[in-house]
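Heads up, the next two complexes both have subunit A, just with different partners, subunit B and then subunit C.
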Partner chain A sequence: MTTLAPPQIRASEKQSNRRQQTLWTIGLCAFFLAAIILSTWVIGDAGLSPVLTQRNQPPSLAHAFGTDWLGRDMLTRSLHGMSLSLRVGLLAATVSALIATLLGLAAGTLGGWVDAVICWIIDVCFSLPHLVLLILVAFAVGGGTRGVIIAVALTHWPSLARVVRAEVLQVNSSDYVQLSHRLGRSPAWIARHHMVPHVIPQLLVGLILLFPHAILHEAALSFIGIGISPHLPAIGIILAESMRHLSTGYWWLGVMPGLLLLLSVKAFDWLGENLRALLDPRTSQG
Partner chain B sequence: MLIGKELWFRYAAQMPWVVQDQTISVAPGEVVGLMAPSGFGKTTLAKLLAGYLIPTKGQVSVDGQPLPRRRYCPVQLVFQNPELSVNPRWRIDQILREGYPPQMHQLDALGIHEGWLTRYPHELSGGELQRIAIARTLNSQTRYLIADEMTAMLDANTQALIWRAVLDYTRSHQIGVLVVSHDWPLVRRLCDRILDLATMHHSTLVSQ
Partner chain C sequence: MALSLKVPAWSIGVLLLGQVLTGCASNSTGSSASAPASNASAEQIVLAIGGESEEGYDPTLGWGRYGSPLFQSTLLRRDENLEIVNDLATNYTVSEDGRTWTVTIRQDAQFSDGKPLTAADVAYTFSKAAESGGLTDVTVLEEAVATDDYTVELRLKQPQSTFVNRLITVGIVPEHAHGPDYARNPIGSGPYQLVQWDEGQQLIVEANPNYYGEAPGIRRLVFLFTEEDAAFAAAQAGQAQVVSVPQSLAVQSIEGMKLYDVASVDNRGLMFPFPDEGSKTTPDGKPVGNAVTSDLAIRQAVNYAVDRQALVDGVLEGYGSPAYGPVSGLAWEEPNANIEDANPDLARQILAEGGWRDSDGDEIVEKDGLKAEFTLLYPASDSTRQALALSVAEMLKPVGIQVNVEGKSWDEITPLAHSNAVLFGWGSHDQTEMYNLYHSKAAQGDFYNAGYYANQAIDQRLDLAMGAPSEAEAIAFWQAAQWDGQEGFTAKGDAAWAWLVNLDHTYFVHECLDIGQPQVEPHGHGWPITANIASWTWTCN
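Showing the complex of A and B:
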């Protein structure tokens, strides 16, 4: 018995730690992303101006990400680029989530021909290759930062709209909502107390998982040259520029900003996953 | 008196009739059994009587009044599957307080422990959850209770315990009960009178 006791204690400790672990992950990811967005105000524009005496320097203590062919500090440029990308992604993903909520709620609650029309639009958007649609919309509205935001916002809502619609339909037809009507609750009360707790977590997680898509597509559009204008240090432009210097051995120009992009996207992913685990009663206490 | 008069129901104009010309009545304090094989429209009839569905023809009235569409319905239905009739994101005490909150001694009579109240539905077993679903309907506003296979998924001991608590309450508060089931021994044990949908196409009453 005495030999069995310690593992039991350890098991219970481990269990109580999982919730804390989730909270810590959420906190760290949020802190990391906020730090990147706010970093441009802290470090300023000093590193963006060319210093020709310090060209093409590999990563060192003075320049953690190295310098480029004009002697600009790559860490400063990458942070500026990532901050811009995150803000563009944030805006585009929020607009996308709003469109998705409105259409999903309308389709789920109104039903009939409204539902049919919205489902048809969703199907049309799904049937087109995503990147082609993205390029078309960005090109049609004139490119630039505005073009990227509009294109990303207009092309990312269908999957989330479908999730919201399904959730609303499922909750609406469930026994407990029917029962709530019979218990004398008003449609508004039911929407507030039965619908919102189901839709909000989906929406929050959907919004957060939209970020990586939005950022990657923003980077992709900038990379092929119809996105953010070349004089701005966006992450896609930095990566596109680095392509020309890869063959000459300046690996840090591509690898370091690429790692930063990867880490930021993964941070959003972890944030979304852990938030989902925390918001669902089935996993929130485990 | 809960009266469903000449009830007809189908889901759409071209669909076959699910309920055809059924007339059914339950008096206050009376326990009526409703029996039929599967697929005879027992659940549909129960849903018509509790206002979940609106009859295509005919009407349901409680003490001379039609069923209210907005207010608390005096006819309450307890579903067969309690997992589906509670919101999985609500805690038990919130579920119990959705209608008119039941009294503490009611919860004791049904064997509901206080420790359950702070839990989520998935942390209770089916039998425990069914007691919650029943307790939710036992309040002063409920005049008629429709039990649609209410204890079909419970063991005999739990069935007896739950039915004793429910019938004690309904007898003392003059609540009419409609027991929808195909468990003949159970229905014969509980009910004052039994209706059999298979044979009562013209409202024949099969007496005990």
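Showing the complex of A and C:
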């Protein structure tokens, strides 16, 4: 795609190198993200307790991200928050991928009024601002951490469903699928044997690219203070809290967790792009 | 698709950049604020001290219940030493039986619409307030009668020593201009009159030309209703001259502004549910009681284990004082009720004597299979209470009490407030509040005596104090209710609460503004500083 950097075009002269590079990137990103998710088990809850004598300390060796207004270790808080976000993202992406595949396949293969209804649902979801939809769902299911998770999980499928549907429609019009129809195969059989293999690469990449969306939306919801108790470590809460202290010059409260969020989201982006290059090299080279 | 999904990756970058820029921006204003571009003068000042009354400005519905109604004036008021002095009243007497208060009022008082203020308006205000049953509690009033143009008789159902506080806090409204929309268009005899109120944004008031007292030193006041950090930023930019800031921001300095650190009885404490779990319910069916906090040893251990001075230094940045009861610093405080706190060893001993032991080695004590564990609720929007709740939970860990802290909105806290510990804040110049916090009859399923504390001996003392003929004579009974050497509701006795701290209210005030000597302030977010606002002066040209 156009957004891919020039080095990769140059690298096409040396296929093996580029392939290695892609694999390396995928490995590194996956490792980084897994490390964040698992970090909470390694570092434990100790840094989450207030230590009033160590308030507002700038980053140092003992506290790489500094400490906050209650003397809590910001590295521990940020990692806990990021880990929660990633787990919410994982759940949301999985649920979204499932819903999107089901609806996309149904719309593409069955066609007719089924297609019309599913397209209508997708359009309705798109017509609402996403954040508003999130807030509505979060409130409707009773708020709290659970509300945030359900809202994020249930609202990210439409874009992916649309992509899957387009892919299915394209495959549907190809000769061998038409032939399969004539041979009397049922739509379900065709969907399973002819569509799914074509859709899987798209789905995998789409799923990974949904992650940053879900993570940012989880952060956004906790940022505006829906549901989660404000002393719990969620990345949005941490960032919202840091806003209060910016005028006092405690820059590390916002910058360090912000960087962590930026890196995590970017890691998913790289992961998705490189996975696409690996699975679908033809389109990747433009 | 790829493009649309890429957006968030850099949008968070923009957010981050935005944060960094804001950080830089405010830092640079901080350093270049040597001469704040101030447009303030005796003509107009801007105050960002919060205190917007969402219900409007009708004293009969509760406006000004902590004093200083601004638009209206009161019969009496408290001066900076909290002594009671005349305002509208020229004299008042209480009958032998304590049931009839006769007040004569000054004859030169006018409302801001030019009509004279008479005894009929006073009688109307008190009858109306009693009728509406608002937040100003005048239910004890039987009738209010104007015996002539400038004399009014307030007849009570029974004697009440705290009734003088009603004379101090209830602003007098005009009978001729009072109606349902009065709260939005207040007309009164106070030093200022309303010009404009943009709800949620600002309130503009101007000096009342018909005010009977000395004309206010500042002609026009603009109250900004913003978040505390926005208020702080406004002060740094020289756009506000009086700003109330949270204690965490008071450690900063703003050039051209002085920090006022005003002592208050605005306290914070842990309210414990007193009865055992499941023993009763509130009138609307909410559960009352808690198995753990109903145990005296737990409540006393919490009181002794908490290091209040560390809370003051750590959470309030030193702008506060330890609280051992609900009325610190007032004349009716019982000094002997104070305890030596920050004593985990004593707390552990109290727990052991109460039968609490850690038998399964999880560092939490148990008694008859019940873990010493309770939930502590705090309002999610209040960062000071959040910090207090978390710090207290941390201080109780070493003595073996597990506190689960949860932040919720007030709507969510209300139904849970009788069966869980809650971090409340109170503080009033009116002893009625103490009565309502501890008297068993005050427990009606709302925030008064939310823990359903009940002790007949204490009830009796509170009733005696309430029925005393005057405030001065009631003091001995108020003190006995707190602690008399044997009994009391404070830590040495029933320990119905674990009071933690009294906040100091911190304000940044422009160097050119003389706000006089502030009084020990009651609960109330910023507004109490306006108690003497009519005598503020601008000292620069």
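As a working rule, the second predicted complex is superposed on the first by the 246 of 286 C-alpha atoms of A that agree within 3 Å, B and C clash if a C-alpha of one lies under 4 Å from a C-alpha of the other, contacts with A are read in each partner's own complex, and residues count from 1 in each chain.
Please note the rule applied: contacts are C-beta pairs under 8 Å (C-beta built on N, C-alpha and C of every residue); 3 or more make two chains touch, one makes a residue touch a chain.
Note that this is a predicted model, so its numbers are computed, not measured.
Judged by the touch definition given at the top, the superposed model places A:47 against neither subunit B nor subunit C.
Within the superposed three-chain model, A:108 lies out of touch with both subunit B and subunit C [touch as defined at top].
When the two complexes are overlaid on their common chain A, residue A:194 makes contact with subunit B while staying clear of subunit C. Within the superposed three-chain model, A:233 lies out of touch with both subunit B and subunit C [touch as defined at top].
In the superposition on chain A, contact of A:178 is made with subunit B only, not with subunit C. Residue by residue along subunit A, subunit B and subunit C are tallied for touches, and C comes out ahead. By the document's definition of touching, of the two partners only subunit C reaches A:216; subunit B does not. In the three-chain superposition model, subunit A touches subunit B and subunit C at no common residue.
Put simply, subunit C touches subunit A in their complex at residues 1-6, 8-9, 11-13, 15-16, 19-20, 22-23, 26-27, 30, 228-229, 232-233, 236, 248-249, 252, 310-311, 313-315, 380, 383, 386-387, 389-391, 394, 397, 405-408. Listed in rising order, the residues of subunit A touching subunit B in the complex are 174-176, 178-180, 182-186, 194, 197-198, 281-282.
The part of subunit B that touches subunit A in the complex is made up of residues 50-52, 68, 70-73, 76-77, 79, 81, 84-90, 98-99, 120, 122, 136. On the subunit A side of its complex with subunit C, the touching residues are 1, 3, 49-53, 55, 69-71, 159, 163, 206, 209-210, 212-213, 216, 225, 229-231, 239, 242-249, 251, 254-255, 258-259, 261-262, 265-266, 269, 272-273, 276.
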